[in-house]
Amino acid sequence: MELTLGELVARLGGELAGDAGVRVRQVASLESAGDGDLAFLSNPRLSAALAGSQASAFILAPKAAGLTERPRVITPDPYLYFARAAQLFNPPKAAAPGIHATAVVASSLPASVSVGPQAVIGEDCRIGENCVIGPGCVIGDKVVLGAGSLLHGGVRIYDHCVIGARAIMHAGVVIGADGLGFARDADKHWVKIPQIGRVIIGDDVEIGANTAIDRGALDDTVIGNGVKLDNLIHVAHNCQIGDDTILAAMVGMAGSTRLGKRVMAGGKAGFSGHLEVADDVVVSADTNVTKTIDKAGVYTSLLPIQPHADWVRNFAHLRRLDAMAERLRELEKKLAQMEKES
Amino acid sequence: MELTLGELVARLGGELAGDAGVRVRQVASLESAGDGDLAFLSNPRLSAALAGSQASAFILAPKAAGLTERPRVITPDPYLYFARAAQLFNPPKAAAPGIHATAVVASSLPASVSVGPQAVIGEDCRIGENCVIGPGCVIGDKVVLGAGSLLHGGVRIYDHCVIGARAIMHAGVVIGADGLGFARDADKHWVKIPQIGRVIIGDDVEIGANTAIDRGALDDTVIGNGVKLDNLIHVAHNCQIGDDTILAAMVGMAGSTRLGKRVMAGGKAGFSGHLEVADDVVVSADTNVTKTIDKAGVYTSLLPIQPHADWVRNFAHLRRLDAMAERLRELEKKLAQMEKES
Amino acid sequence: MELTLGELVARLGGELAGDAGVRVRQVASLESAGDGDLAFLSNPRLSAALAGSQASAFILAPKAAGLTERPRVITPDPYLYFARAAQLFNPPKAAAPGIHATAVVASSLPASVSVGPQAVIGEDCRIGENCVIGPGCVIGDKVVLGAGSLLHGGVRIYDHCVIGARAIMHAGVVIGADGLGFARDADKHWVKIPQIGRVIIGDDVEIGANTAIDRGALDDTVIGNGVKLDNLIHVAHNCQIGDDTILAAMVGMAGSTRLGKRVMAGGKAGFSGHLEVADDVVVSADTNVTKTIDKAGVYTSLLPIQPHADWVRNFAHLRRLDAMAERLRELEKKLAQMEKES
């Protein structure tokens, strides 16, 4: 697709400045943009990069509008505008409707659905219009998948799971495996507790490569609308994740924990089990949430990095912090005594 | 399956109180239970939930037996009893014996084995009676899989690995990939060391989604009987894991580390290489075991979470703990001197 | 393959001592070696194990050459020599050239390529000579894969990715999934930014099981030559990894971070986004790199493990370190005042 800047603004809004007839057909970064590219300025400090950019047009915030005279769209949120332009120029790859001859499908599907080679779909599934099931996906029995969903190659969905419309699941995602549910017998062997809940996922959810969401033990694991999960995330049985929450890669959630709406967690953050996290909480990367958080805000437990020798010298004291505190108390007592006596 | 409470107690034991004729056919949580459901009370503090529950019958500990007059089983360990009842009401899904037409199988299998669509089994494998090999599984050459094992879709087992009876492996599990074994040459390039050991897994082992267990470098990686591994775990080459050990999701084990029997590790715990961990050790979530632990007990290195501003204020001192300790020593010296002089 | 020790030295170099005619056909550890095995001594402290070993021959450093009179190769770097001998005795498993009848291949391939059962290869791919594509692999459209590469079962490579020669990818690897790229709209919903960059991987790269490398958002994610990545690693969009860097299992890299050459990171290490890490930096296990490192050296932020009760006692003070520091300052001030007055 190629548009003039004027046509782009007619579609996506924003205020046009400079030559409305310049043609754009792709988005690019300031540094690598060339003829036909539309670039955006995320940060006014990048004005030097703007000056040197070969892009045909720019997306700028009002306060940056005067940094160039070249063709540009002025909009309050350039990054959001850039996202919408990027979607316009890069529609999802078309997949031919129909079931590949090597796929094994035991449910009846709408004619608009595309099923790739080697995919397997079980019995009594309800697959929505225009879904794309990639090569080698395995979908169990009685699975529900909403319209317009895209499963990349090798996604596995266990029996009875329910997924909303417009889902995007990347390769290696596993939905609905058993949670770690065991009772211990008198001989200290583990006795499996069958996991009979489901995974219920809302609309517009994207899930990254090799992420695993376990089915509920008795009740369901529930993921809200608009949730975005990155790669290699673990969501344990009976967790609940509120709408529009976003978790970066390698986040782990222990069982039965509930995240509110619009929670954001950095990479490798962890959540202990049976907690509640309020709406709009932000958890820093590699931070362990070990108790309920009932108030929006930013929370952190990340350890600062040091040159190894400094770390050895400083961190040895962590093992005797309590003794240090006691010595401090002792000094304060003595000094108070001396002051009284003097 | 539907049973009277009397029939249930005849099968699973326990002391019956109340109406022996009430019929139960499923387990459920106190909150979501309805007619025909059996619920258990894990915690006497939940007596309000018990009173409000719509369950047909309950599993109670002796000290909670008087909390209701409704039909109930009294047993010393309600959670264990619940596990056994849940197994009774939820037997594993039956899989039709036989090899799916699309599977590619180069070994001879017992007639009782079920091989799903698109599965691949190499040469000279020994697969036990009643195994279920899910869709898209890939099993290499000379693999041994004990009777009654269940591989969900997309499990990969490399050549020569040996797995015991009644294994359960979830989607995306990888058994026997190469460990990170490299020597460095004079130009600082890495030279691969072929990984020629195997993975040997005992009986009754369950392994969660996308977990990877590397084959040994020279000797074998060995997993004991009754071990339970959650999702997204990494077990490096030459590790050994003792019987009935359980590891929560995202635990990582570096090479050649040996865990004893009945070790329990919380989510994201990590083990450095070449360590030994004694039987019955409990490692807290996100705790790094950096040295051998030779005594049972609970071990922790988890960092407490704080509001971000508090964290900034407090954690800055971590970088100068040694200086703080030195200042404390200096104060103690001065004060001792002053006391001597006064 | 079986060689005399003399033949081995003729091929791989080193100084021969003892019987040149002893025959070796495999490498083994000192402890488990038997007749025909070649073992190496990594550490002079293992001389007792050397004395008790049943190996037919040994690889020894010059300073250990006198520890035994048995057949041996003396070489400055026994571990490197061992790696080369191990490669000699354990060549990669041969795969028959040709495309399995169940594979679905839409590109034209050299006759030397081996494609396993159920593999899927898209359109316009360029696959080099002697590549082995394992069972159930899914390769998208326009993918480039260099000569001599080996993909184990179930590897997924998205469209347009470029991989060099002699790659080894283990089961469950995902190359080129979308990064976590979203803008937030006025209603706090996430708007997807199509990820239009690629993953570009150099020659001689090995990637462990279930590791995921995301494609670039606009520009490419770039992995250098000779890089070795362990299992369950996450490399976010637009990262760059320099030649001969090695990352242990479960390392996570946030977006746009650049690692230099020969960087080494321990298991579970994490890198925040938009950082630069200099050549030859070593990052300890479970250490979080939260700022740019511009100088080679070892860096650490690992928390020391403690018995749980000690941890409770000591770590409580972490939440009031700033108050402790303030009390220390107060004491110093008072004491200085008292000294002045006395």
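Letters A, B and C mark the chains as written, and numbering starts fresh at 1 in each.
By our rule, contacts are C-beta pairs under 8 Å (C-beta built on N, C-alpha and C of every residue); 3 or more make two chains touch, one makes a residue touch a chain.
Quick caveat: nothing in here was measured; it's all calculated off a predicted structure.
Asks: Can we say the copies chain A and chain B touch using the same residue numbers, with more than half in common, or are the two sides different?
Replies: Looking at both copies, the contact residues mostly diverge.
Asks: Superimpose the Cα trace of chain A on the Cα trace of chain C, which carries the same sequence, then give the rotation angle to the nearest 5°.
Replies: So the angle, rounded to a multiple of 5, is 120 degrees.
Asks: Centre to centre, by mean C-alpha position, how many angstrom separate chain A and chain B?
Replies: Chain centroid spacing, chain A to chain B, equals 25 Å.
Asks: Which residues of chain A are in contact with two or more other chains?
Replies: 102, 118, 136, 154, 172, 210, 232, 250, 268, 302-304, 306, 315-316, 318, 324, 328, 331, 335, 338
Asks: With touch defined as at the start, can you tell me which chain B residues reach chain C in the complex?
Replies: 102, 104, 118, 120, 136, 138, 140, 154, 156, 158-159, 172, 174, 177-178, 180, 182-186, 188-194, 196, 210, 212, 214, 218-219, 232, 234, 236, 250, 252, 254, 268, 270, 272, 284, 287-291, 297-304, 306, 310, 313-318, 324, 327-328, 331, 334-335, 338
Asks: Quick check: in the complex, which residue numbers of chain B touch chain A?
Replies: That would be residues 26-29, 31-32, 77, 79-80, 82-84, 86-87, 89-90, 93, 100, 102, 116-118, 134-136, 152-154, 168, 170-172, 204, 206, 208-210, 226, 228, 230-232, 244, 246, 248-250, 262, 266-268, 285-286, 302-308, 311-312, 315-316, 318-322, 324-325, 328, 331-332, 335, 338-339, 342 of chain B.
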